[in-house]
Amino acid sequence: VTLLTDFGTRDGYVGAMKGVILSRCPNATIADLSHDVEPQDVLGGALALAAGAPWFPAGTIHVAVVDPGVGSARRALLADDGHALYVGPDNGLISLAAPHPRALYVLDRPAWFQEPVSATFHGRDVFASVAGHLAAAVRPSRLATPTEEFHRLALPAPRRTAAGYTGEIVHCDRFGNLVTNITAAEVSALGGGIRVEIAGNVIGRVSRTYADSATGHLVALVGSGGRLEIAVRDGSARERLALERPIGMPVRVTTRTT
Amino acid sequence: VTLLTDFGTRDGYVGAMKGVILSRCPNATIADLSHDVEPQDVLGGALALAAGAPWFPAGTIHVAVVDPGVGSARRALLADDGHALYVGPDNGLISLAAPHPRALYVLDRPAWFQEPVSATFHGRDVFASVAGHLAAAVRPSRLATPTEEFHRLALPAPRRTAAGYTGEIVHCDRFGNLVTNITAAEVSALGGGIRVEIAGNVIGRVSRTYADSATGHLVALVGSGGRLEIAVRDGSARERLALERPIGMPVRVTTRTT
Amino acid sequence: VTLLTDFGTRDGYVGAMKGVILSRCPNATIADLSHDVEPQDVLGGALALAAGAPWFPAGTIHVAVVDPGVGSARRALLADDGHALYVGPDNGLISLAAPHPRALYVLDRPAWFQEPVSATFHGRDVFASVAGHLAAAVRPSRLATPTEEFHRLALPAPRRTAAGYTGEIVHCDRFGNLVTNITAAEVSALGGGIRVEIAGNVIGRVSRTYADSATGHLVALVGSGGRLEIAVRDGSARERLALERPIGMPVRVTTRTT
């Protein structure tokens, strides 16, 4: 069972979730994916889940709770993509990690919840409880009701231009690396001789690794998630470009001859 | 075995505790409750422990170390409340999670410590060592000496007024939710038609959930810990009210007719 | 298996490492040592690893990734010190925890990596993959090639003076305690009557514990890592001395009679 939340760990909320899971399945292995997602940043959580979840073994149960709509009519979901199970609110949080679920369920059977369900902490009372039962080998079809649709987050797609693509920054990581929505496939389709523009700066090529540039210099490369990113060797691209709010900032990729 | 400390994780102190536990009981399951308690904030740690610990299965060993008095004459404790064991300094840290222990012990037998015991890191040398032995099924009565009393933290009780209660903020969580010392029972005893006052603001009712108010508006509700809290939908009540030091700030609950 | 990185947990990178390990060895026990090492602070990571790793049981596999040179020609290492295995980049990160390895290996056999190896995330593709295979009982000699030398970090040694030692601050922990490079052995060699000078302040003796001084006062003591440190009871020595960059600041220890 993995856990990803925006709860931080200071307040004991994550501890309560772990306790509920272990109460239902004492020999569950719990791995923290992250609890430092920015409060209520559903997209940030979805990207972190998509970065971490695919590497876990088959049969892993991923519990993700970034849930600004807790207590509203938003549904609680369980998705099965054939490799793993995903449990979380129906707000798109699990849609990047599991874009093509083989089966989808709504969590609508209180018998499998921690009763009484609080109006503000479904992480503990709904999602952790269901995950604990799943870890204890209860089948999805027993504890939830099939459904067809779920809320999808769409990463903005880069726009094809005459000479390449115009995309944007979709994530800034702890190192200040700026991750774009332009994929490795799109970069290689342009062939060699590529230049990258961001915030008035031009980077003359796509490097293989941070170490291909000098300390302190901007570098463009395909990151470990398979998307173009802008970095600074031994530094922070975010700081170097003095970007307060990097998310959404345009990035242009063009073949150098244009 | 759960761990709750104010050590952060940057310095390797928590790692040392985990190592000591696993050295005594290699197949122990260790769950981090929190290591982000504010340095030396015993009350904050006690509240986080009380929020997380009750949800763990019977027989869990909770190790809690927020210990400004390490090296002084303060005692080291082991409490058994019939459901779980609690290990930590005798400064009140475990008294909110285990207010009515069935048995209390002083940790005064160096044979069960990591020798030589450093004067500054009982988390590793006393508490983790004892917890590891407990996890390896050593009985409390074998490794500690019974005692009768322990240091209790008293949350301030709300004051009954003509028209309701005057309580105060006792905790501010990562989301900026302000948790009071007024319980759900006290709120319901007042019946319907309640209004809540904090820092010159009036909230006209107690809602069921954050989603019952509009984005950015103050909302009062009974939180997942069973106490009245003040929140802002999709925001932070602490920021909205511009509270630098929210702890201790008075909160008035009155029936609306007065 | 323990993990120590400078990745933070916000971005899912640590989750990916855990997934890769568990994919190779589903019943591995993973303990987080730290993910809050300052980005690219190899010395800080090395000190945290040295503080935590020795306490783990024999046979533990320690994975440490603070790796500013990822993608460059820096080698990937596996060290065996007879007690534990250490996996990480060859930049000194593991040299304080394992200063005298009994066997050293270069990780140069892609069959044991997560292929294709990204140029920027060897934590996942090289180190976690190798650690997972080691946890699944693959022998070091099978997955790596023996080597003789590795990069060592040298903590600066204190200088012997007429009346004692002049050392320096090598680490500042979460509590603002300032850890020096002067060892307990060097302090006791000076006998009794010692005074400590730092940043124009004189501390008249070496105490046993924080509690030996009054709240808010500077205290010098031998910390849990066996080195002299400067602290403030119930406070932060770093703040008390208004040190922006404490690392490298000189500390003088002299016998008081001089």
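A, B and C label the chains in the order they appear, each numbered from 1.
Just so it is clear, contacts are C-beta pairs under 8 Å (C-beta built on N, C-alpha and C of every residue); 3 or more make two chains touch, one makes a residue touch a chain.
Quantities reported herein were computed from a predicted structural model and do not represent experimental measurements.
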Interface residue identity across copies chain B, chain C - same or different by half: different
Roughly how far apart in rotation are chain A and chain B when fitted on CA atoms, stated in degrees to the nearest 5? 120
I'd like to verify one number: the distance from the centre of chain B to the centre of chain C, where each centre is the average of its C-alpha atoms, in whole angstrom. 30
I need the residues of chain C touching at least two other chains; which ones are they? 32
List of chain C residues in touch with chain B within their complex: 2, 4, 29, 31-38, 44, 47-57, 60, 171, 173-175, 208-212, 221-224, 234, 236
Where on chain B does chain C make contact in their complex? 6-20, 22-23, 26-27, 30, 32, 39-40, 68-72, 118-121, 124-125
